[in-house]
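The structure's right below; bear with me while I get my questions together.
So that you can tell them apart, the chains are marked A, B, C and D in the order they are listed, and the count of residues begins at 1 in each.
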């Protein structure tokens, strides 16, 4: 098992967002997490990346407990997050943003750049532009590209399709599938759009109000009516 | 006559169009739910109604008068009360003082009797001398509600009152809202993600997606609307999955 | 016409020095989001260090500039570790009070050692000047200009072309984003403080050969650094150059047309108006972290 | 008023009975402490109750002092009239700039007021009317009561400032300020005209500060730009507040007396290094008391 999260509790101030969440990711597996707004998906990734301290529970990554490690340490161990709001360095060029992604792998920045550019040729074309001048879709590519620059074992992507046009989303999905095929890295994809999430993942977890309410193989989940219910809450 | 008319309201933040030509109206005492995915512009709409944010285009008419040039405090005095997604209590002041301030400045009279009445309505009377910062989340939401009611509102804007609460608390707040509505007849606009709860208090829903109203009507129709399913579940799901 | 040209050249020479002098202030503000009121005293400290070395050991202030930088670098790290780290997360005006206290300490310590008399570093080339067409160029001013330009360029290269520089910019632009790629912001804070204080002390060497100084001139220099930083926008080297030139022109021209006494007043009024009307700088942009 | 507040008030009132029993030196120190008390209480209205740190509050001290002095010197106005005009001018200046100024938050606001203070200092240093850097010599007071009159004027201003703070602590007016301090947006949506109350709060601070400046100018009979627009005095106001407790009624009084007596002792004991020690004291205060500062009630 690559990542074992068990009994995770977390929140902001005294507001509990995650309630006893347990999630597993196997080597090479793509796991989708979806749920409506406020279900705790993004908070979950924040805790995984080390940006938010959990109240309780354990996170084991490659056999080592990481819940007390700072984010820098986790990046070094092979976890990378393409975060909500993308958190790009908007005043830096596209290439510099990518280079920063290799902070923990500075020796191989050239190879990493080449690799990422093959997945995202449009980033190569725009490499001299400021990240702030990119379109939403290109920024999302940059965010994923930057995360890939650290040669992660586990790539975490928050809100993959948020605010993007359908055509862009399709392209991103294709690229992710390709990355997975070529590099065999594991992924956690947090996504609102159910069909997209299920399409690119092996397994999925459904979050509702901070709890895991359903999990299973993506193909099976797609057929279940429970998803529609969770989303639209129509009785 | 309509209590509130929103006409063609648009708003951009730095080139990003958050609201596009939003129009709707609300009758006295009516309850309206506004739902939509993240970033669809719901909170911005509430901010425009309460005057915290100025729209670029369009107009807001409250009780027959355009309020576009009025600052939030003036709108509060006209009878627009609101709560916030993340509670914004005066945390270093007492529970009672949190209600006395809007009673005096928004409602016109800081009558301690009235304050206690409001606090007992939301079930916080025993806590009146405690610091607002020491309350639990559910209690904070109740206090915000009492505070919004202190301006003697004709219209109550509620931004995600149920968010972060457990099912029991959701139930309690829901009952409280119903009670408030039957006692005061105040009109309400609820921006909400917890749809189950929302549908128990209103039959009229507006769905916002990317700043546009894509659905208006009863909850049942919502689940059947192609547009809505697309907005929530994505293009592929709407056309029948894989 | 000749006068105007002369004034323009003086502005350019002085303004470039101001740009370099203010880089440290602008960087620490942009990256750490703190305003260091002791910054001017750091510059004065540099001036006294080079004064001492020149007077007692005969070391030219230009030669001792790297030493000033190093002393400043370690001092900056120390101050960050021991003092600023502890109050950075509190109300921002706590840092103002703290650094003001530091300013008083440094000024009074210098006053104890050197007394309040005006000191100057009388290098042999201090008074020389030459004619260039209709212009009179003072050699010292030209030298300080050239050095400021070179040092500013060095800082620029450091920020643009090295990993350390990139990490500084990354933290300034998005602290959380920086953590996501594995940068430890608290380390970057230390380096930035070191760099900023180093620049302050190093610029003190140049200030010392440019004009006389007393232990209590720090406040005035802090105001100048502040103005330079806010005119163009925080943290960027280009903006500091723009701000430095603005201050150069403002001082040279008010000094000439209204009298020396009005120079500082002009800077202060400009600072007041900028803050009141354009707190994000003339270009209105958000360059560095500024949250 | 709560018990500690009554105790502090009693303390200030009792201080008024000191002069017959103490030396001129002690009397002077107590008068300075009363002055710092008023300045701290004035700032407390703004920072403590409204949440805005006017780091350059001494700008208004200078305006009050200089206006009083110039009116007495140039127009031969009587002191009471000159002081009134000086006080009102400070308040008026504050009212004039309050709206644009108070759109700025935290350290931007703080630094802008400091820029104003230094700029005004430079302005009077350059004007002929204000005597330039040489400053102004005022006539020596020779009326009834001698120099004790200044002690009692400062005493009265301190008591008035204290009562004003106590009023703000309990009144609905104070509610508006505290609401702004706690959350400006929420205050607006609950009916508080934040722009108005911020301006009132700023103006009140300036009125008291200007009045104290006017009294001080006549008291020491000689003023110059450095002494009337001294940033160190601004910082002392803040340190007094930190020591005593921001946002409490009694705290600023205690803090001001402690700080003034302490710096006076330092001055006496270590005349050569008192500046250095004062600086260290400021640094230490910030390091030791940062959390204690918001303890209200």
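Note that a contact is a pair of C-beta atoms (placed from the backbone, for glycine too) under 8 Å apart; a residue touches a chain by one contact, two chains touch by 3 or more.
These figures come from a predicted structure and were not determined experimentally.
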item	value
Steps in the shortest chain-to-chain touch route ending at chain D and beginning at chain B	1
Dominant interface by contact count, named by its two chains	C-D
Maximum centroid distance from chain C, chain identifier (CA atoms)	B
Approximate Å spacing (C-alpha centroids) for the pair chain A, chain C	43
Rounded Å distance between chain A and chain D, as computed from the means of their C-alpha atoms	55
Rounded Å distance, chain B centre to chain C centre (Cα mean)	50
Intercentroid distance (Cα basis), chain D paired with chain C, Å	32
Contacting chain pairs - touch in the sense defined above	A-B, A-C, B-D, C-D
Chain C contact footprint on chain A (complex, rising order)	49-51, 70-72, 75-76, 80-81, 83, 87-92, 96, 99-101, 103-104, 106, 146-147, 149-150
Residue ranges of chain A touching chain B (in the complex, touch as defined)	14-17, 36-38, 159, 161-163, 166, 192-196, 198-199, 209, 222, 227-228, 231-235
Chain C residues within the chain A interface of the complex	163, 166-167, 169-170, 173-174, 176-184, 286-288
Touch list for chain C against partner chain D, complex	35, 83, 86-87, 90-98, 100-109, 111-112, 219, 223, 226, 259, 261-262, 264-265, 268-269, 271-272, 275-277, 279
Complex contact set, residues of chain D against chain B	172, 175-176, 178-179, 182-183, 185-195, 294, 296
